[in-house]
Structures are given as structure tokens and as C-alpha cells.
């Protein structure tokens, strides 16, 4: 369990770093790790006297200041009032396209997932979309998705939104909007660049020397294991309890 | 004017072949009314999830009541995939109309405003545009030369949802769940179940009135206590996670689903 | 995050040449802030009335602060025609952009949704289509073959209105005056004057929250007691009909208007 | 004053008759006579056990059940939920077109009125638009309006809305959507058909025998002078007071 907690803590701290500088981040329902990352950034900014961070957690009463119904998040993104959001995907390809619909021939998919949710829209409108998918395997990271729920690059139309980074259980990639693909930034211990190559079905840029994803420092861990998991408990009681028990 | 009737009478307002719009889990899903609909033998529904659904859609699909499904997703959330939805996709039990959340709201908004279509940001590049032949990409007729997606108006025959309370004039408290108003504005008829009917007029007072769907948009109301169970109703009561997990497990097989459904319908009769 | 400042500082946020959106009389017109704007020498405004205006627009026009005016009407209501508006039309003191109420809302809605245009029902056959070259009639790209009017997005630089209260986080109570939210969603910056700042958070509680414009949309707040005077503020206070009639009489002449304006500005300084 | 009261009572009772059968009528601000007509219909339906009538008076707290801001009336009309509405006009022509903008060359009008308000939209969408203009003179009723704020007939697009009748201080006209013009239905006492011809600048159909507009019967007058003026006082205190004082 301690390894599991450590894995999650690295993800949370990495997300906080990826969000640095934003004013408003929206987090989907059932996303405790992104939510914890956002809360960590908020707490850190507060302690450092940096600008406040607003967090919207969909479906949470305490972390919502929306009063115009289900459309408000989407309108808000269209207005440029949402700086960051998280998307996952049953498949993600090397061009950053994501598939939330299914594999095989549409519509009678071999494997069917829930559906595209708001991805087709938000990918265009939120400047810093963080692709977050814990499972790092060739079946997830494919050369070409079977169905494009949301496309990462559309040179035919102006857009402010798109992928910023891809974070998995094993590694962190940057997305290069110029090149239109991913570049490996760091690998989480104990994995190696070879593990990443083996488990990634798409091509990506790899630097000569690949960094290790930094573990959170002591101050960050203290903040996380105290205040952040307490804050998280309101929305994700089971997750927060597990993390606290492991401590 | 709004009629206040029994749950059975409310269920009888939905007839085979109609399009039925329902809200997202937790926003006010009329689960008890869904049982009453199934009991009444509703079928051939054109189900429109605003903008996604879970248990309610899965039950209607499993019971064979759905002819077509327009949604941005069907999922049981923490309890995982929606088994009857997944099985129905494989067996092509219904016509699937995949969407994306804001496109469903945009379609409803077009109906609310009496226009045939609504432009919407984003979407370009998505394969949804290939499978939704009713969506178009046009050159913006105004302003900077750019492509814009347009989607057709969605005018459901019936909207169905559950809310904490209504008053005797038929005004319904929706709080900040304005997606319920979006549903009602766009729909030809709106059916609402409520936990209770109250005596004071909900439109009295600025704070109270701000969270009200006026009776003008509400055709039929029935009382159904704990009418969203096993789903949550705002902060009135939480979801019954154990029950939803039980459903998720049983509904993996057709037989298990039948057993669950039978018990679910029996439960409604006992509560009523 | 929302800043809470003095009225003078709030007024300084509006700079010459900006587009300024204001609500209809009685909905929450920031009259005291308007005096502060005029005192600060605001000019060359592109004024957008949502969807009409009265005393506020007439004062700004009379003071020479308006370069262009988009509105569906300017009228003092019971007190009759708006004299400086009428005189300004004759002397072509500003560029007039005549509109119709729902077209102004449609333009704001397009901005709210990040699309370049919005379709709107009706209007066809109106001469407004001749004088508004930025409006178009198109063939509907979807559904039944028919003509539809489309209007461009309206994204005001600044929205300015008055409300009863805000909390310390910058949430503003708007009750059922959702046109104030429409204004804020569409505008790049939103300035609000309030009767009072309260300590409790307006988003706490479903009833209260339903009538709130969240601070996300509110850039700057200043306190201005009786800040809508002489206009009404919801049911907080009625319009001062005698004062408005006095304005209507005095503003018939340029000199009379100057005298009224001077007294109006003095009044603000004395109240402050 | 008694003649003035009688004139108004005829108008109010005529409006109630024109509205017969509707479920929802919207009344603009500053329109006490249309509001009183709507209230009279509502009370009469209630007494006769006929379907209830909903009245929205713009700007009135007590007579509004709208909760979605200023746009709701317009959306409501687009949804077919508003059966009747009143429009006036600085000019009204024989084809039913109305001008709320001004006379002479736009934009520097000779006479400038407030503006088109919602007329260009509502005229298309409300089935029973009652044109109500007290002043009956050739300067109001012109052959052709100088500016069409709202056009009555647009064969090029489908529409459910348009003019139903024109009511003035002197007469009541029906609007014939087939013929595209007005037909004189009745003349209010003490006026004659010749008065109408003299004061109307546009051509209209005139029957061989022109009826007199009926005066309200005793029951209607009792209802009007009692309950209706009491109800009206909430929104139009000055008007209701004048009417009561004259009684």
C-alpha cells in the first residue's frame, strides 16, 4: 500500500506542478487525483502569497460556484474562464487524439466505453488540457485511435485549447503543439525509459537523457498528507481515507 | 394549468414512440416514475440524456423500452460501466446517437428559442461529425471567416425529472439545477415527480423565486417520496451506492438484470 | 478574484472608447456609478442597452459621453420621451444602431457561448435588417428549408450594473434578474455597485445560491447606497417618479440638461 | 371625466372580448387598458368556469412568473406559450406594418420615437397580436409607414404570429391575413363611419352596415369597477384611482 500511496503522491504533486500559473481549473467527477493536485496548487499558492486558484469539481456542492446549470462549465470554457481541465481516454494516440467511445467499427464497437462526454468541445477551448490516464499500456496508447472523440490539432480552425501534457502511472510527456506529438519529459521511479518504450504504442520524442520524475519534497508531503487529504475528504471520502490510512 | 395526479396517471402521459428527455444522475432523476413507466409497458422510446445518464437509461435499455438513444455518455459512475447499455450496443438493440454534452444543451437551446439550429464552439475534427449526419460544419455567415459546427434543435415530446418540492400552483423548486429548466423550456410536455407538495407559493420572495421553474412549463406533477432512489437528490439524500453496485453486478447478465428489474418494480409497488 | 474598491476606483476601470453594456431600468441600473463615470470624464463610449434604457442612457448622451448607441429603445417610461436621445438623433451626435430586444440578448448569448453569431426567430421583413448591415438573413443549414436571421456576437468591454448585495468573496445577489448574469457572462469585465456587502457567503444554501452571480464573473465591486436612485431597485426601493419627471422637463433644453447634470453630480458628491 | 371613463371602459371590455379563448397573454409595461382587459377576461372565465387565463405584465412583480430574466418572455413566445400580446406604433399602415422608430429619413428622423422594442420579433411569434393605439388620426394611420419596425405579413417565411385586430379610441378593425389588410368591425359611440374614414390615412374594408361597438353590460361594469380596478391598482395605482374616482 505504501508503494501505491507513493505512486499517487507523485501523480498529485506532478499535477500541481503542471497547473502552476493557472487561475481556474475544472475537474471532472470521480477524479480524486486531479482534484488533489489542484488543491495542492491552491494551498501552495496561498502559502507563497501567489494568486489564488479557483477549483471547480463537477458534481461537488462545496467545490462549485456554478449557478446556471449543467451548461455553465461549457459556457465558462468558451468565455476563456477555464484555464485547465483533465481528459482521459480508452485510447490516446501519438497525435494527442482521444477515444472515449469504443474500439472496432462504430457503432457496434468490440469494446464500448461510456461516450465522449464534453471532450469534443472542451479540447478546443481549454488552454491547458492535461491528459491523465493511469494505465500505461499499448492497448491504451495506440498509433491511431479507432474513434476520435476529440481531436488535438485542427489547423483548419483557430482554437485556444488542446493537450498540454500526458501523465500516466509510469511517465510524464509534454505535448508539442508545433510538432503535433508527445515528448517524454520524465519517468516515475522505479520505471525506466525502456519500460515506457515497451508500453507505449505510439511514437514520441525521447531526449538523450531522460529525467526521473521528482518525488514530492518533505514540505509538499506534509501539506498533502495533512490539509489536502482533509479537504479532499469532503468530495472523495473513500480515497482520502485510504491515503490517510496508508500514512 | 398544471395537473397534480397519481404516479400511475403521470406515467400514462408517456406513450410509445415518444422522445423522452431525462437529466443527469444527481440532478433530479425520476427513478420511481421510471419504474411506473416500465410497469405501464412504455416502449419504443427515443431517449435523450441531458447530457448523460446512468442507472435510469440502463434500466430502460435493459427492459427493451428504448428504440434510439441520444447521449454524451452512459455510465454508472463509481460503480463502473452501464451493463445493459454496453450489451445493447453490441447487439444493436437500439439506434445509437453519440453526442457531446454541450451539443445536447445547444439542441435544447435551439428549441427554447424557436430556431432550427444552434451554432456551437469546438467539436471540429471529432468523428462525432462523421456519425452525426444531422450535424453540419458551415462557414460562419458573420464576422471572421471560420468554420462553425451547427446542430439541430432538440424538441423532446416529454421531459421527466424529480425535484424536492412543488407548490399547489405547479411551480417547481429547481434551485441552481437550471438544466432542469433547460429541459422543460425545450420540451412539449414536462412531467415532474416531487418529494412533497407545499402550501406556500414558491414564487413569493426573491430568493425563493430565483430557484423556481414556473408552472407555465410544468404539465403534470405527482408525488413520489424518495423518488430518485437509489440515485441522489441534490443534498436531500445521497446516492445508495450499495444498491447501485448491486445493480451493476446483477445487470452483467440478462437473467440477473431481469431479477433486478422485477425486484425494482416490486419495490415501487410496496412503497406506493 | 473580485476586487472591492471605492466608487471612484470602480469608475476609473471604464476607459474612453470602450463598449459599455447596461441593463434596463428597474433591473439594477448603476446611477451613482454613472455620475462617477461622468465626473471622471468618460467619453467615446459604445453604449449597449440590454435591451433598452432610459435615464442612464439619456444622461450619458446629454453629457456627450456616447459615440455609438446600440439599443431597442430609449424612453423615460411614464415620464415620456428621452430628450437628449431625441435631440442627439436629430443632430447625429452619435452613431445609432437600432435593434430589437431579443436580438441584443441573442448577441450576448453568442458571446457567452463563444460562437461568432446566433440565429434568432422573427425579424424578417423589418427595416432593421436594412439598417443593420451586420445582421444577415441565411438559409437554415439544417432542417426545413427556411430563412433565418443571424446576428453577430456582442462582447462588451465592460458591463456595469447595481444590485442589492454582494458577499466578501465577490458573489452578487441578482435574484431572478438573470439578465444581469447574461450581461456578465458576455462581457470582458463586469463592474457592480451594491447597496451593501454582507458577511455570509451567498452561495451557501440552495435557495440563496440560485439567485447568485458567482464572483468568477465579477471583476470589481463598490458600495453605493441607493445607487440606482432615482430609478427603482427591484422591490428594495421604488423609482423616484417626481425626480424623473423633473429630469424630463429640464432636459428638454440643452441648458436645462446642463443644470440638471451639474446638480446630479453634486448630489453624488454630497451622498458619498 | 365620465365620458373619458366610459371610453376606457368600452376599450377594456372590447379587449377582453378580443382575448377570448387565450390561455396566456403578455402585456407590456405602462399599458393599463390592455392589462385591465386581460384581467376582465380572467375574472369572467373564472366566474363562468372557463379555462384559467394567465397574465404576464412586464415590469410587474405580482403579475410575473418569469424566473429566467429579460429574455424569458421572448423565449416563451418562440415556444408558442404566449397566445396574445399588444403592440402600438407611432405609425401603423394599411398592411398592418408598424413603425416605432420615427418619421422621415432614417437615421436622422424628423420625429424620433423610442425604438422598436421587441416588436420585430414578437409580431412573428404571437398568434393574436392586438394593435392598440388610442389616438385615431391620419398621422398615425398612414398609407405606408416611414420605417417598418415590424412587418405584418411575410409570405417568404412560415410564421404563427401577426395582427389580429386594431383597436383605437374610435373604432375596432379586424385584420384579414388573407387579404392583408384591415376591415372595420365596429365604431365606438358617438363616432360614425364617416369619422373613421376622415381620420384613417389607409384604405380598409367597410361593410355596408357598420355596427356600433357594444357598451359593456351591467354585470361587466360591476366586475370592472369593483374587482378589476382593485386588481389593477397593484400595478397601475394612478390609473386605477382615476377610474374609481370617476365612478
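Order of writing sets the chain letters: A, B, C and D. Residues in each chain are counted from 1.
Here, a contact is a pair of C-beta atoms (placed from the backbone, for glycine too) under 8 Å apart; a residue touches a chain by one contact, two chains touch by 3 or more.
Model, not experiment: these values are computed from the prediction.
**Q** Need the graph distance between chain A and chain D over the touch network, please.
**A** Minimum step count, chain A to chain D: 2.
**Q** When the C-alpha atoms of chain A and chain B are each averaged to a single point, how far apart are the two points in Å?
**A** 29
**Q** Using Cα averages as centroids, what's the distance between chain B and chain D in whole Å?
**A** So the centre of chain B lies 40 Å away from the centre of chain D.
**Q** What positions in chain B touch 2 or more of the other chains?
**A** Answer for chain B, listing residues that touch two or more other chains: 113-115, 120-121, 146, 176, 181, 209-211, 235.
**Q** Residue numbers in chain D touching 2 or more other chains?
**A** 66-68, 78, 125
**Q** Tell me the shape of the graph of touching chains, choosing from line, ring, star, complete and other.
**A** The chain contacts form none of line, ring, star or complete graph.
**Q** Tell me, which pairs of chains are in touch?
**A** A-B, A-C, B-C, B-D, C-D
**Q** Taking the touch rule as given, give the residues of chain D at its contact with chain B in the complex, in rising order.
**A** So the residues of chain D touching chain B come out as 24, 51-52, 54, 65-68, 75-81, 125.
**Q** Applying the document's contact rule, which stretches of chain C touch chain B when the two form their complex?
**A** Contact set of chain C toward chain B: 106, 110, 113-121, 134, 136, 138, 140-144, 146, 148, 150-153, 174-176, 206-211, 234-235.
**Q** Note which residues of chain A are touching chain B in the complex, please.
**A** Touch residues, chain A against chain B: 29-30, 59, 61, 66-71, 74, 78, 100-102, 106-109, 112-125, 147-151, 153-154, 156-159, 161.
**Q** Which bits of chain C are touching chain D when the two form their complex?
**A** 23-24, 26-27, 50-52, 71-75, 77-78, 81-82, 85-86, 89-90, 92, 96, 98-103, 105, 120-128, 131, 146-147, 176-182, 235
**Q** For chain B, which residues count as touching chain D in their complex?
**A** It comes out as residues 1, 111-115, 171, 181, 185, 203, 209-217.
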